[in-house]
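Letters A, B, C, D, E and F name the chains as they come in the text, with residue numbers starting at 1 for each one.
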Amino acid sequence: MENEKLWVRDLRPGLSLRSTFQAADTTVRNDSRGSPYLSCKLVDRTGSVDARMWGLPHDLRDGLPDPSYVRVEGHAHEYRGMLQVKVDRMQVLHEDQVNEEDYLPATEQDRQALAAELLQVGEELENEYLRKLFELIAGDEELWDAFCTAPAAKTMHHGRIGGLLEHSVQCMRVARAVAELYPVDRDLLIFGVIFHDIGKTEELSWGSGGFAYTTVGRLTGHVVLGDRIVSSFVGKIDDFPEDLALRLSHLMLSHQGEREYGSPEVPKTFEALLVNLIDNLDARVAMFMETTENVSGGGWSHHENPLRRALYVPEEFEEDGS
Amino acid sequence: MENEKLWVRDLRPGLSLRSTFQAADTTVRNDSRGSPYLSCKLVDRTGSVDARMWGLPHDLRDGLPDPSYVRVEGHAHEYRGMLQVKVDRMQVLHEDQVNEEDYLPATEQDRQALAAELLQVGEELENEYLRKLFELIAGDEELWDAFCTAPAAKTMHHGRIGGLLEHSVQCMRVARAVAELYPVDRDLLIFGVIFHDIGKTEELSWGSGGFAYTTVGRLTGHVVLGDRIVSSFVGKIDDFPEDLALRLSHLMLSHQGEREYGSPEVPKTFEALLVNLIDNLDARVAMFMETTENVSGGGWSHHENPLRRALYVPEEFEEDGS
Amino acid sequence: MENEKLWVRDLRPGLSLRSTFQAADTTVRNDSRGSPYLSCKLVDRTGSVDARMWGLPHDLRDGLPDPSYVRVEGHAHEYRGMLQVKVDRMQVLHEDQVNEEDYLPATEQDRQALAAELLQVGEELENEYLRKLFELIAGDEELWDAFCTAPAAKTMHHGRIGGLLEHSVQCMRVARAVAELYPVDRDLLIFGVIFHDIGKTEELSWGSGGFAYTTVGRLTGHVVLGDRIVSSFVGKIDDFPEDLALRLSHLMLSHQGEREYGSPEVPKTFEALLVNLIDNLDARVAMFMETTENVSGGGWSHHENPLRRALYVPEEFEEDGS
Amino acid sequence: MENEKLWVRDLRPGLSLRSTFQAADTTVRNDSRGSPYLSCKLVDRTGSVDARMWGLPHDLRDGLPDPSYVRVEGHAHEYRGMLQVKVDRMQVLHEDQVNEEDYLPATEQDRQALAAELLQVGEELENEYLRKLFELIAGDEELWDAFCTAPAAKTMHHGRIGGLLEHSVQCMRVARAVAELYPVDRDLLIFGVIFHDIGKTEELSWGSGGFAYTTVGRLTGHVVLGDRIVSSFVGKIDDFPEDLALRLSHLMLSHQGEREYGSPEVPKTFEALLVNLIDNLDARVAMFMETTENVSGGGWSHHENPLRRALYVPEEFEEDGS
Amino acid sequence: MENEKLWVRDLRPGLSLRSTFQAADTTVRNDSRGSPYLSCKLVDRTGSVDARMWGLPHDLRDGLPDPSYVRVEGHAHEYRGMLQVKVDRMQVLHEDQVNEEDYLPATEQDRQALAAELLQVGEELENEYLRKLFELIAGDEELWDAFCTAPAAKTMHHGRIGGLLEHSVQCMRVARAVAELYPVDRDLLIFGVIFHDIGKTEELSWGSGGFAYTTVGRLTGHVVLGDRIVSSFVGKIDDFPEDLALRLSHLMLSHQGEREYGSPEVPKTFEALLVNLIDNLDARVAMFMETTENVSGGGWSHHENPLRRALYVPEEFEEDGS
Amino acid sequence: MENEKLWVRDLRPGLSLRSTFQAADTTVRNDSRGSPYLSCKLVDRTGSVDARMWGLPHDLRDGLPDPSYVRVEGHAHEYRGMLQVKVDRMQVLHEDQVNEEDYLPATEQDRQALAAELLQVGEELENEYLRKLFELIAGDEELWDAFCTAPAAKTMHHGRIGGLLEHSVQCMRVARAVAELYPVDRDLLIFGVIFHDIGKTEELSWGSGGFAYTTVGRLTGHVVLGDRIVSSFVGKIDDFPEDLALRLSHLMLSHQGEREYGSPEVPKTFEALLVNLIDNLDARVAMFMETTENVSGGGWSHHENPLRRALYVPEEFEEDGS
């Protein structure tokens, strides 16, 4: 039996555990034999898992405030194709007994490596103005740090510390492949796809209390905020070509693809169109992957997710380990 | 019979005319007895009127390029409740035989008086920052001149020289009345309602060739352009309150009311909501008035107009002279 | 400590209270330390306020039926920018221990004064037929009384005793200002804007049990009901001009502005268009004001409200006391 | 070769003709060998057929006004699966040389027989109030005559003299069958389905100039007009049950089924729901039949028709003669 | 007092009962005097009814799992126009104490008689290919059994054992009447309307655990599954006419009527259009009837039902016993 | 001056020409000096270009049938940023004077090379069932030939001989890059993205008369047709895994992404989602490229194109020659 923090990503059927988690979405119900049980999600920065507890002590009969920190003893098993924790003992902790950061969802990837990959791409831009612009943005320590830390969304996709960075890197990788296949202004596409969501650094906050929208984010939106950030750096570069600035600004403003998604204009240049399509591709792929994370082979996800449909994970998928 | 330029606004049933117009939408058709006739609109800066010509000389049998300048002899009469000109003679003129400005639609109102009314309102703003901001904008000669000259649209409403000014003044007048009735930040409402469309000075061009969208207008849109213009002046005022700047920017960005109309955010403050409602009221009223301009009492307009419905002008309306 | 009925509108941070309210939306939850507390809204005819109670006696552990009448001891304070009552003692009362009318939302304005303002406007109509029509309607005691008492809606806006009157008066005031600015048939506009919603007197009921839709209201709708009411009075006036009756009826039927909102036709006359625009303006303004009533400066309302978006109340707004 | 009026419905491939028609949608084009030809539709009260004419005399080179009356010599043949007339000679006639009524589309059915069928059904209603109501409506000579003459629409379906009657009878027949299958208030359903569109007698005009919307039709709509007609007769019957009147009125008002189609309320009673469904069934069936009238087996209709899709007529369908 | 199973359909106000049901949607609330009571629905294969229980024993204070099997003592009465059971005693049973099939909703009609009616219709088809096709389908024991057993939906309409059969028979009856009134290919219409939903035999499962979607159902949909079933039988018939097969397949694929409802093509043949209209008619009628099953005369249903609106049952409707 | 066929793709400003084209969209208008001119598009299999001709001989005064074959003498120049041909002489040819195939739009790429690239990819599939399936499809000579010849659409994108092949290859290339970046079933994705549109080989016809929809294509649609083609080959492979067949079929059926675009189900597996996203990306990119083909740097395309917006080609884009 483990006494150390056991991370959610490391849970496997059959494993016993004694560890601390955030408990969310707690409810108390009766089972089909009339016995009350507690149902909740155990969360930490590496993911979340469903849990059930029977034989409730008196202080748990009314459930728990949402969220709470709890010390849990029990073991993991598979139930209807989804991993589940059966809890034997559960003790509520006070906020100052835990390191809150451990319970804020965060990327599992190496953020420094991702950032380094972007910086490398920035250095290799052939267009001198865009290369200089990249350099200025990456050189603004506060902004760059926010860019590498921010979530890409509150709930839709990449809603985790470093999520914006992950999304930007993955979009950049797709864009590099696409630029080989179509006659596009490669540098503008690469630059645009990396920074299209930079306004999210001002639209969202990601303190220990969780992810939230800022007031300026709600009143202005990340689309215009991002355009302003990039424009302010463009203004610092002498002789930045006016036409390039215009196309870059258009790309920032139109990246949502449709007006009803918050873009004041739809994409009207080749690079703006591609940024929108690549952003959309990576976003929807992430929605799929995040929704099916806990679904075993042959199973279906819940219907409530950003794609608004139940998703299927085939049998053999799991066998491949992919 | 007139030999001088007779303006469209001065045409009355029974009047003979010999004057110059722009001819638009020209077509040649046969009437119910099989005789060919020419149908067109005669346009000048004061309005437009339908015209018909029978007994076509050979050079008019194939119609006219659109638009053309023509010298017309004929007389005005009423036909199915709409004013119409029956043309006896029509001679095509060359562009350098006319003063093109006379044929660009333009407001009938006194633009200097309208501008003066706005300046007066600007001086009376109680909020010192907004008063200063108004002063700076009105003091930028090129911008102010454009603001007093630009059309408010290519075709939707107020599509005429000085149309933006007319729309801004009328919105301001409604806003002043509304501010008496609801607990609103009066100065911000007045300021916002006057300048909500200022981005149209960059979105549109209005040279002698007619009204058109600029490239920056199509790629950025007047909503963001307007926000940038106002923001650039805000940046010139020391200590401009951040919260006021934010609310002002929100108002500029959200004035279209819905995302699908090009606003990246919907109105979320009281003043932003009211600017959208007042803008919408004056715009739709103008659509109504411009569409029914030539319809007599008891008649119906065409279906094709910005309100996308046939509009009715009642009998007694005309009698009132209103 | 107060022993008299203390109205919700008079609550201020720091005030102690001992008074009776309706308790609504009651739930019992645990706080972050695991202690159970009761959350509810305290309602009376002047408004509503959030309340919390800890240290629950046994009979409150399962909450309260919705709605209940309660006698409350406690004090008001500000929590996260919203007024809140901390309850020390709470006693459930029986319906016959209270005056139910005190707990039905009602306008804070002087209904007699509002009605008098309308009557004055009615007398000043220049069109003799509309003036006579107004006189007949105002002279039908039962109808006029209902018109001055009915809510304007169940929940959307002006959902309070006298709400229809408030809405009608405010629309009339806006219309009077608008009639100065556009060449409209002033009398028809004024008359129409006052009575556009008169069908709500039959669509809704407002007994002590709260506001509800009637069967005829659900099967016919206030749009057609209102048209029928006005038509029935038109029928009592000899020689009422047919064209005026038609335009008035069209205005009643089209005032919702779009077919999907329940108008069988869209506005096709100038006055009908303006009635719809003014109705819409006052309705949306009321939605804004009612939603932000309890939000302090710098705060955001909930997302769930008739405008379907979180609304912002700026810092300085509160300072102005407006 | 015929010298008598040959009706469109009697045209067959191989038939020669010398007869008078209305010519509509006339255009002059060049064929693939560069020769000009005239294309038009020949119309009379029994239908319409495409026609082509080569070897144009000078006075036809510019086409014909729309519509014109023409005397045609030529013969009918099949072209790409559609009946077509090849014209050898065409002479334009004056309006007073024809009987205009012969060229207004009209039902091919026996209107007296259809009306008699309805009257019979009316007499057999078991509900005495509805039977009396039917009697009053059928007894109002002017109304009943209009009901038996009016088209059911300008263009959508049953756009022909007697079309409203045809539609009403066919709906009644479907309703009788449906009433055998579901536990519905048979009399109310039958009555409602017969008169649901009676408002079209006031919404449309059908003089010799063709079918048009009236002013009251455009400002009020046939839905409310129909409800008013029926209500006025209800008011003449003593003790007409209030609940029945309410359900009847609801059925009239909601028969379009959805608010965006002009019904102020959606169907909320069983009979109202069925009236909407049966009306919709007969309307869409008529759209299909009218669109495919001239399409031979194995062919496709044009895309432009009220169903907004190309329609297919199978091979064997024609063989059946159905 | 009854000791035997008393079916829900046989409950009447005033009846005492002692019987077994499935209890669903159980909640515990306090009444207006603060007393806790249990609210649930009692379900069996013949329907469902609301129930209330006061004086809760300790083991029912936390409610019941959903669903549970319960033995109930109490009596039926009418409350606000809806039948309700007041429970005196309630005992939870184990699954193996009941016959689960008794609690799965099932048609009240004689399934054998319905199937026999269809077989008779099949034999009378005049088109030899469709008659043969019908014979093959009805002769496939497993498929025919599924067709006669499956529900027509999970929740929308006919969501009960035998529901697909009921829907198919009722559609066939309507189609037979319609075929008398319009020039349609009767055999294809009858055949199509009977089997349009046959894909539901593979889309849904209806074991004792209730009704659910299968994996192949979710990934393929009943529209394509049904087309495949019919096509596979068509392939077994020599010389089945290609055009008939195409029209039949089109009818299967397009029967949802609109693409957004899951049909890859819209109806483009007469029979396909009618199948869609008749399917829609019977489906909406069923939604109405199932929603208003427990509503007494003069009452309104809940708003939450497949028609998304409250439905009205008139006073006299009940009196008629219809 | 050229006497040989000069292809549209080889036209450059300044070049004189004497060559044969298809003339489309011909109209005759008057210029601003009143002189008539002919405007048309000159088309061949390599593209299309606008043309103008003044000094019209008599036989061209009425324009040309659409389409015609013409022998043209003239020269190419640039006008308002678009290439244009000024025609000096134009002679109409008969269909048998030209090789019609030369005037059907066709890919400029080497179809054999594209097909070979696909075959290579097919051989390298690791999944033996998909590899075998690919082999069978590619081995069906008639099908494979159609697949390599068909257009991908009538007008939307890739509407040219070989367009389906181009689209399939480009999608495959994008998919290969994407498969490196996400944990997808690579073989299923590659296979699916290549053949997702194979149903177009039956939905469209591409004879010398141009591109058209077939009857089976209109009644069934390429989505279901493609699923049937692939399924029929799956049926020929022993032991083809059922789950794989299901996922493959789902991918074929759902590739349009949304029901309103003709997919009976939305993508619910990872590979189906990616096929839809990649298909969409290549399709929209092609729409952009085809629309802007003739637009010079700094210019705007027309508004009428499949993306329904004017598109911008920046200045420097042209300079790069990209």
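Convention: a residue touches a chain if its C-beta (ideal position, glycine included) is under 8 Å from a C-beta of that chain, and two chains touch if they have at least 3 such contacts.
What you see is a predicted model; the values in this text were computed from it and never measured.
The chains touching chain B as well as chain D are C, F. Among the remaining chains, those touching chain D and also chain F are B, E.
Among the remaining chains, D is positioned farthest from chain A, on the basis of C-alpha centroids. Separating the centre of chain B from that of chain E, both taken as means of CA atoms, is a distance of 59 Å. Between the CA-based centres of chain A and chain C the separation comes to 43 Å, rounded to the whole angstrom.
With each centre defined as the average position of its C-alpha atoms, the distance from chain C to chain D rounds to 48 Å.
Between chain A and chain F the centroid-to-centroid distance comes to 38 Å (mean Cα coordinates, whole Å). Contact with two or more other chains is made by residues 215, 218-219, 247, 250, 268-269, 310, 312 of chain E. Chain pairs recorded as touching, per the definition above, are A-B, A-C, A-E, A-F, B-C, B-D, B-F, C-D, C-E, D-E, D-F, E-F.
Against chain D, the residues of chain B that register as touching in their complex are 28-34, 36, 298, 300, 310, 312.
Within the complex formed with chain C, the residues of chain B that make contact are 170, 173-174, 177-178, 180-185, 241, 243-244, 247, 250, 266, 268-270, 273-274, 277-278, 280-281, 284-285, 288-289, 292, 309-317, 320, 322. In the complex of the two chains, the chain E residues touching chain A come out as 59, 62-65, 68, 92, 94-95, 215, 218-219. Residues 215-216, 218-221, 223-224, 227, 246-247, 249-250, 253, 259-265, 268-269 of chain E are the ones that touch chain F when the two sit in their complex.
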